[in-house]
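One chain, chain A, links the two complexes that follow: it is found with chain B in the first and with chain C in the second.
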Partner chain A sequence: MSDPTNAAAPNPLIPIPRGPVPLAPPAAARCQIEITIDGRKLSVPEGTTLLEAARSIAIDTPTLCYLENLTPVNVCRVCVVELEGSRTLVPACSRKAEPGMSIQTDSERVRLSRKLVLEFLASSVDTSTAPALRSYMERYDAHPERFGASAATVAQPVKIDNELYVRDYGKCILCYKCVEACGEDAQNTFAIAVAGRGFAAGISTEFEIPLPESACVYCGNCIGVCPTGALMFKSEFDMRQAGSWDESRQTQTDTICPYCGVGCTLTVHQQDNQIVRVTSPLDQQVTDGHLCIKGRFGWQFVQITAPAGPPPASTPKDAA
Partner chain B sequence: MDLHLSAALPTEQERLAVDAALGIPSSGWTGGVRDIAVDGRTAASGHAARAERHLLLPALHAAHARAGWISPGALNYVSQRLDVPPAETYSVASFYGMFSMEPRPARVIHVCDDIACLTRGAGAICEQLENKLGPPGSAWLRSPCLGLCERAPAALFTEAGEHPREEALAPATADALCQIANSGVIPPGSPGNSVPQAGQPQLRLLQRIGKVNPQSLADYRAHGGYEALRKAVDMGPAAVIREVIASKLVGRGGAAFPAGKKWETLHNSRSNGRPHYLVCNADESEPGTFKDRVVMENDPFALIEAMTIAGFAIGAQRGFLYIRGEYPLATERLLHAIGEARAHGLLGAGTHFDIELRRGAGAYICGEETALFNSIEGYRGEPRNKPPYPTEAGLFGEPTVVNNVETLINVPGIVLEGGAAYAAIGTERSTGTKLFCLSGHIARPGVYEAAFGATLREVIDLAGGVSGSGRLQAVLLGGAAGGFVTPAELDIPLTFEGTRAAGASLGSAVVMLFDDTIDLRKILLRIAAFFRDESCGQCVPCRVGTVRQEELMHRLAGNHPLVSVTQEAAVLRDISQVMRDASICGLGHTASSAIESALKRWSIFQ
Partner chain C sequence: MGGGTSSYREIEETDLIILWGSNARDTHPIFFHHVLKGVHNGAKLYVVDPRRTASAQWADTWLGLDVGSDISLANAMAREIIVSGLANRQFIEHSTSGFGGYRACVEAYTLERAERETGVPAAVIRETAHSYATAKHAQICWTLGITEHHNAVDNVLALLNLALLTGHVGRYASGLNPLRGQNNVQGGGDMGAIPDRLPGFQHVENDELRAKFEKAWGVKIPPKRGMNLSAMFDAMERGDLTALYVLGENPADSEADRHRALKLLNGLDFLLVQDLFLTKTAELADVVLPAAAGWCESEGTVTNSERRVQRVRRAIDPPPGVRDDTEILYDLARRLGSDWGTPVSENIWNEVRSLSPMHGGMSYQRLEELDGIQWPCYDESHPGEMYLHSRLWAEPLVGPRAPFSVVEFEPPVDSLDEQFPLRLTTGRRLDSYNTGVQTGRYSSPLRRSESLDLSPEDGARYGVVEGERVRIRSRRGSVVAPVHYDTSLRPGLAFMTMHFPDEVATNDLTIDAVDPKSGTSEFKATAIRIEKHQEN
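Moving on to the complex of A and B:
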């Protein structure tokens, strides 16, 4: 304290007069890039993907493995566009705009590739709960039946090994979204990954062990991103089995999760006065569309369910 | 992330085998002995542990070679050692064809039933094995091309255990294979003559083969070895690259990209503060290709010297040599050569460059450069999207040059003679000499070296002409990803530009002959099956397209088209176009090229 060199040090007890709170340095202005899409010239900020550029001028590009809250993996190839000078088509979801690029989003080559990708998927996967894929099929005039009735499929029994959600990999188009959501892009749990190779590849835990034995924490973020209903709330699955699932009778209500202080926005899907599904909006800053087990599944307490049988027998511990 | 492991434990043998590959674990957190005094207040996972992920494939190899399969216990142990989630370890292990995820006998015979071996009786061998050893799956397996086509029919023997063994068996007979399967004793066989031109004075790339002892550095030096490295060091990196550019050397892996251009890009970014890597692609898996194997087995130091020169030129301190898992002898010879070079101060400590050898485990796709990076890094061998290109973001995300074995072994000659002298060999746009892999119905199968410009007919004549019935039906040029040509097209010059102009492709310089007794439909079906089997499954066009293509070929071959042959042909055209246009990588782009080329030339299906 008596060190003379420290004499000018501010006394922590005396408040220092404060100026205005400094602002974060302005983000470096992104260069604008000139590109041409379907003959229309436009200028987009550097780093924009072709998909974003196309969307900015209201060109609707189909996507299956792309989602705003995940890293693009560009595996489904349904978003391919024709880039002048490129030998092959390029995936719009991940290819970034470069100065002078000229893109065709609806050329014959593009339409053929999109049509074939959809035919490939629809001929090998059960698309009954994949409305987006089906609407694309109509748009691109896809006829999966032209590969014949004996075309190989990924049909397999539904995996029901827990009370919260089911995995019907006969509906899986291997878009990698659930793997990303389980791993690096959201939950950091890494309970599932793509196993095997080629047409036999599939989403799997290690040695295909049941979910309760795996690292799964039941955040349900895999269900949240699944584009085909291969991953589904058990509640929705049961109602579909019973024939009572009816989206036209459902309402969606946005609310805040009551559990903790994070304040995630929940979209509660309700049918017949029962909560049948909970999601979170993708554009919601707190969640980016992802939730945890409580927000996703922990809403049984707000609804009356029919008693499922005799009350549970008391355990020795309770007796003691 | 905390690892969530099942209760399965590795056997003591599995644990020791993995430790032999990775070293003794330093803490209880990574699978070592738990000691509260050491581990109690620390956590050893995180970035340091995860930076070891590139050891995943070597660790899996070790476990598999010990037990004959990847058991849940071994998988847990490997995951714990490297801090990799078990689901991801499983996802990587199950990607490779040589790994079994189910218990399997220690001794397994992998029988090649790919196209070159099919022309030499592999079908009959498989039939006999099925009768004597039961259906494929445990004691024996059907395998894609083993790269032993000059000695077809071929097989690969593997035996797990304390001293795992792997050995090529070629040419194979069903009786001999059964005996080996039962006894494990491999009778000494003659290695055969894979280089019929050996000893001829005009040879450049094959000059030392048959003359030099592949296991002696002194002998390699006595035959002019390491003179090029000495000269390169005197010249300096920039001058070496100038000569490589002047030589107009292009990549021999199939894409024919100018090698000097890649090298220059890395050389120019040498002071960007990022590590630079050299990767040698020795994952030679294109059916019918075996030239790199023959060079690596018989002149391994040539590749090590060439890699050292390349590493010096591009400013890399580490080089990775990624060799396919089916090449045990080449692996052994290269490891020995790397050891010798290190012992003599030509690599490693005291120098600025070292080479690590990495073995693949049965995946054609890992020959694709970005899939190869993923494989080395401990991920599934799935290709990455390009751009960014490897020179910008390659191995471990850093600037990387990838060169094929044959490309690299051209370099010492370029350094010694100068780029201009090299460029004088061959044609204007395809300079130097080329190694060709002759197999199938050819009198003297083997690797042949010829200056670019030789016609297909001349190369076939070099190898003694057509064998079998003596009546040539078709030639497969460039491998399964290449295309067929007819006997009327033998005057095609075997240059990059010449084959392209003829609507064919030089690819990996496969020249596989089929006489008129061969049913081409069977060959096409095998090619279709090959691509279906080897597609990594990442992108839809290739994953499903290769399956639909094979189904369609079966319908045509069985003469039961869905509507009509014409309609099937139209569907096939669509399938091949979407694979070519929309697949991520070269596998999908070329998965229908051989089939299309055949259907264009012959009316095989009526």
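Moving on to the complex of A and C:
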């Protein structure tokens, strides 16, 4: 091989000329699949789920355990749809479209199934901080109270064992999202899993040890995906307890985390000029909606008055 | 142009990742999510670090080298790749220069020599070299374990050489990525906050480029490069630099050999500090200007480790009497006789775009629509570049050849001997950041106070137990801290952080042996000994 040892090195004074614009390799071509949803014919790329297909034609399918940035686990069964020729209803969130499928998303059978799922969940779980679930209950005319006051519940004391998280498993519908986010879908810490069987099943650390003794690294990604408020930032929990949590007075602003150089988008939720919660958009390409402990919780330095307790509405921040 | 060559998404789609001197699991946790996606997709992970860190625990192979022996390891890998016929001859011939000199240099780095100098078994070095060279796509990512050394730039060049040798740069999913330690350290350099560049990496000593800025700004710009931080301290020592304006930095705690730094800061005629807090440095100042928190109390942009320019937005109002950095700078300019008007972040950004070609196409509107844009982005039809140096693969080659650099192994300056037999290295913990000015203000269940982390073997050897407060002495000073046993450390290696300077001023120990090219101090390698300590 020739040896260009003596070729001139680039001169730092002179800008380097532009090369071709780099491109990602083209995605593998996906063939189109014809399916029918609620009598409407449509064509979707191979690999599309029934949920994605339904959403693409503005059919709003309820979900509880599904999230765009997690792998479907098919446990809540609230997204089920009727597939022609199938004995059972199928979960829309994970079932992929196949050629010629005909789907009903709002048939009597689908509505009844969704209604029952919601009634079973709501009869046993405190849904007071689960707005999505409650709106589905209204849509499907679910009446959990018909099971009577003696219906078994998962009510239990709130777990408060650290300054950042509160775990209120009386509100847990066992959707597994927190387990997925703590596990392989995002954080890969595996601090929590489902323990116990049947009605006694619940999300737990190993041997139910307190969070500070577990493998938890307080990224808060479990809270970020929890659909019922069973997992909650302590800041929000304290304000709710004090009656000062008021989402109508809150705004959300996207900015960038002040710490390391990864550049995570933080959605700053503020109320009365105090940061009360930090999340990240699920469709954000740097974070996929997930953060670390510093980004999620490290913002106290901009507010000397903690948001806990009575509303700090007119308290100016200390200029320290 | 200096920046990480690849995008995070390429880390997910590569075949092999080397984290070299980076504990990304703890220091860049969300970047490590992308690494883990790569691992789950089948990529092999190699971690080169003296400590068996949280990142190393995910690795297929951990190369636990001795602190500061990186060049010996890299050169031995290179020699192995060459003698095994695994070098990318086509790429070397088409796109690089200086291969002959490089080959002659690495010829001396046999596997046996490298094992002796690095402590990494020869077979492991060989296997790593073969895996890297034969991977279809491969990434090398590094952090301060490479750059906080007296030969920081040589360390980086040693890694660049490996990529040139194998062609693992300038292609999708192959690249070289320094992970930036602070949220805008990339953007700061891009904007010209380095001694020799104007915004957009345009060299200040290039008359034509300088003239463009002089014309736009209506002022003369000094035609020679300025000083980096270490050179400024040297100039203070000589008495050449007598006034200092510090923005958002806390050198009184963060400088290596803190005693010297404090003495020099105290000896200034005038010290102006602009910060969110009354830091240790601000306490020494003649004037302190309280500044707003840039990330949530003002508008602007930052640039991340994948060169993505991202919008920062005002989410809350700053406290009364506290002002945006740009307002302060504009007012200062006015007092100095130059009226810049009223600061509007978008106007300032458009001025950057008009003078820095690599930012030209990044309007605020496009930054919003595209969720940030990776430089270079020359015009509003340009998508930004997900990876750099595609020109090296163009036929014919565009621009100059990429040069190999001859770099030789030099051990750390603060050498070990009978008096100072232990190697102390420093770094971050997951929940804390730098000197703790920000992170000290939130409550973390993970936090424990500063400690001297030691292997249990060294604990037994020096007769100190977990929790025992000991005096740690280096050639420059001493501090007292409790011992903490850490099984991720090998015998002979100790670890401390900079997070709690009010408890333990770790930088009383560190050495300000400075890399002549970058001005970085050798925070990663201090020689210490442990002394029994009697509390008064």
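Operating definition for what follows: the second predicted complex is superposed on the first by the 280 of 320 C-alpha atoms of A that agree within 3 Å, B and C clash if a C-alpha of one lies under 4 Å from a C-alpha of the other, contacts with A are read in each partner's own complex, and residues count from 1 in each chain.
By definition in this document, a residue touches a chain if its C-beta (ideal position, glycine included) is under 8 Å from a C-beta of that chain, and two chains touch if they have at least 3 such contacts.
This one's a predicted model, so the numbers in the text were calculated from it and none came from an experiment.
Peer 1: Please tell me which partner, chain B or chain C, touches more residues of chain A.
Peer 2: On the superposition, C touches more of the residues of chain A.
Peer 1: Have a look at where A:Cys31 lands relative to chain B and chain C in the superposition and call it first, second, both or neither.
Peer 2: After superposition on chain A, A:Cys31 lies in contact with neither partner.
Peer 1: Taking the superposition on A as described, I'd like to know which of chain B and chain C A:Asn188 touches: first, second, both or neither.
Peer 2: Both chain B and chain C are touched by A:Asn188.
Peer 1: Name the contact category of A:Phe297: first (chain B only), second (chain C only), both, or neither.
Peer 2: second
Peer 1: Per the contact definition in the header, classify A:Leu89: touching chain B only (first), chain C only (second), both, or neither.
Peer 2: A:Leu89 contacts chain B only, not chain C.
Peer 1: Applying the touch criterion given at the start, work out whether A:Ala155 contacts chain B, chain C, both or neither, answering first, second, both or neither.
Peer 2: In the superposed model, A:Ala155 contacts neither chain B nor chain C.
Peer 1: Applying the document's definition of touch, where does A:Asp254 land relative to chain B and chain C: first, second, both, or neither?
Peer 2: second
Peer 1: Which holds for A:Cys76: it touches chain B only (first), chain C only (second), both, or neither?
Peer 2: It touches chain B, and chain C stays clear.
Peer 1: With the two structures laid over each other on chain A, which partner does A:Ala132 touch: chain B (first), chain C (second), both, or neither?
Peer 2: neither
Peer 1: Which residues would you name on chain A as touching chain B in one complex and chain C in the other?
Peer 2: On chain A, the overlap between the chain B and chain C contacts is residues 188.
Peer 1: Which of the residues in chain A come into contact with chain C in the complex?
Peer 2: On the chain A side, the touching residues are 1-25, 162-164, 184, 186-188, 211-212, 216-219, 251, 253-266, 268, 270, 273-275, 284-288, 290-295, 297-303, 316-320.
Peer 1: What does chain C use to touch chain A in their complex?
Peer 2: 1, 8-9, 27-31, 33, 36, 40, 58, 89, 92-93, 96-101, 170, 172, 179-186, 196, 201-203, 205-206, 209, 276-278, 290, 293-297, 302-306, 308, 310-322, 357, 371-372, 376, 378, 382-383, 385-392, 394, 398-403, 430-431, 433, 437-446
Peer 1: For the complex, which residues does chain A have touching chain B?
Peer 2: Checking each residue of chain A against chain B gives 74-78, 80, 88-89, 91, 94-95, 109, 112-113, 116-117, 120-121, 123-124, 146-148, 150-152, 173-174, 183, 188-201, 204-207, 209, 213-215.
Peer 1: Using the touch definition from the top, list the residues of chain B that touch chain A in their complex.
Peer 2: 1, 3-4, 6, 72, 75, 85-91, 94-95, 97, 101, 363, 380, 385, 532-541, 543-548, 551-552, 555, 562, 571, 574-575, 577-578, 580-584, 589
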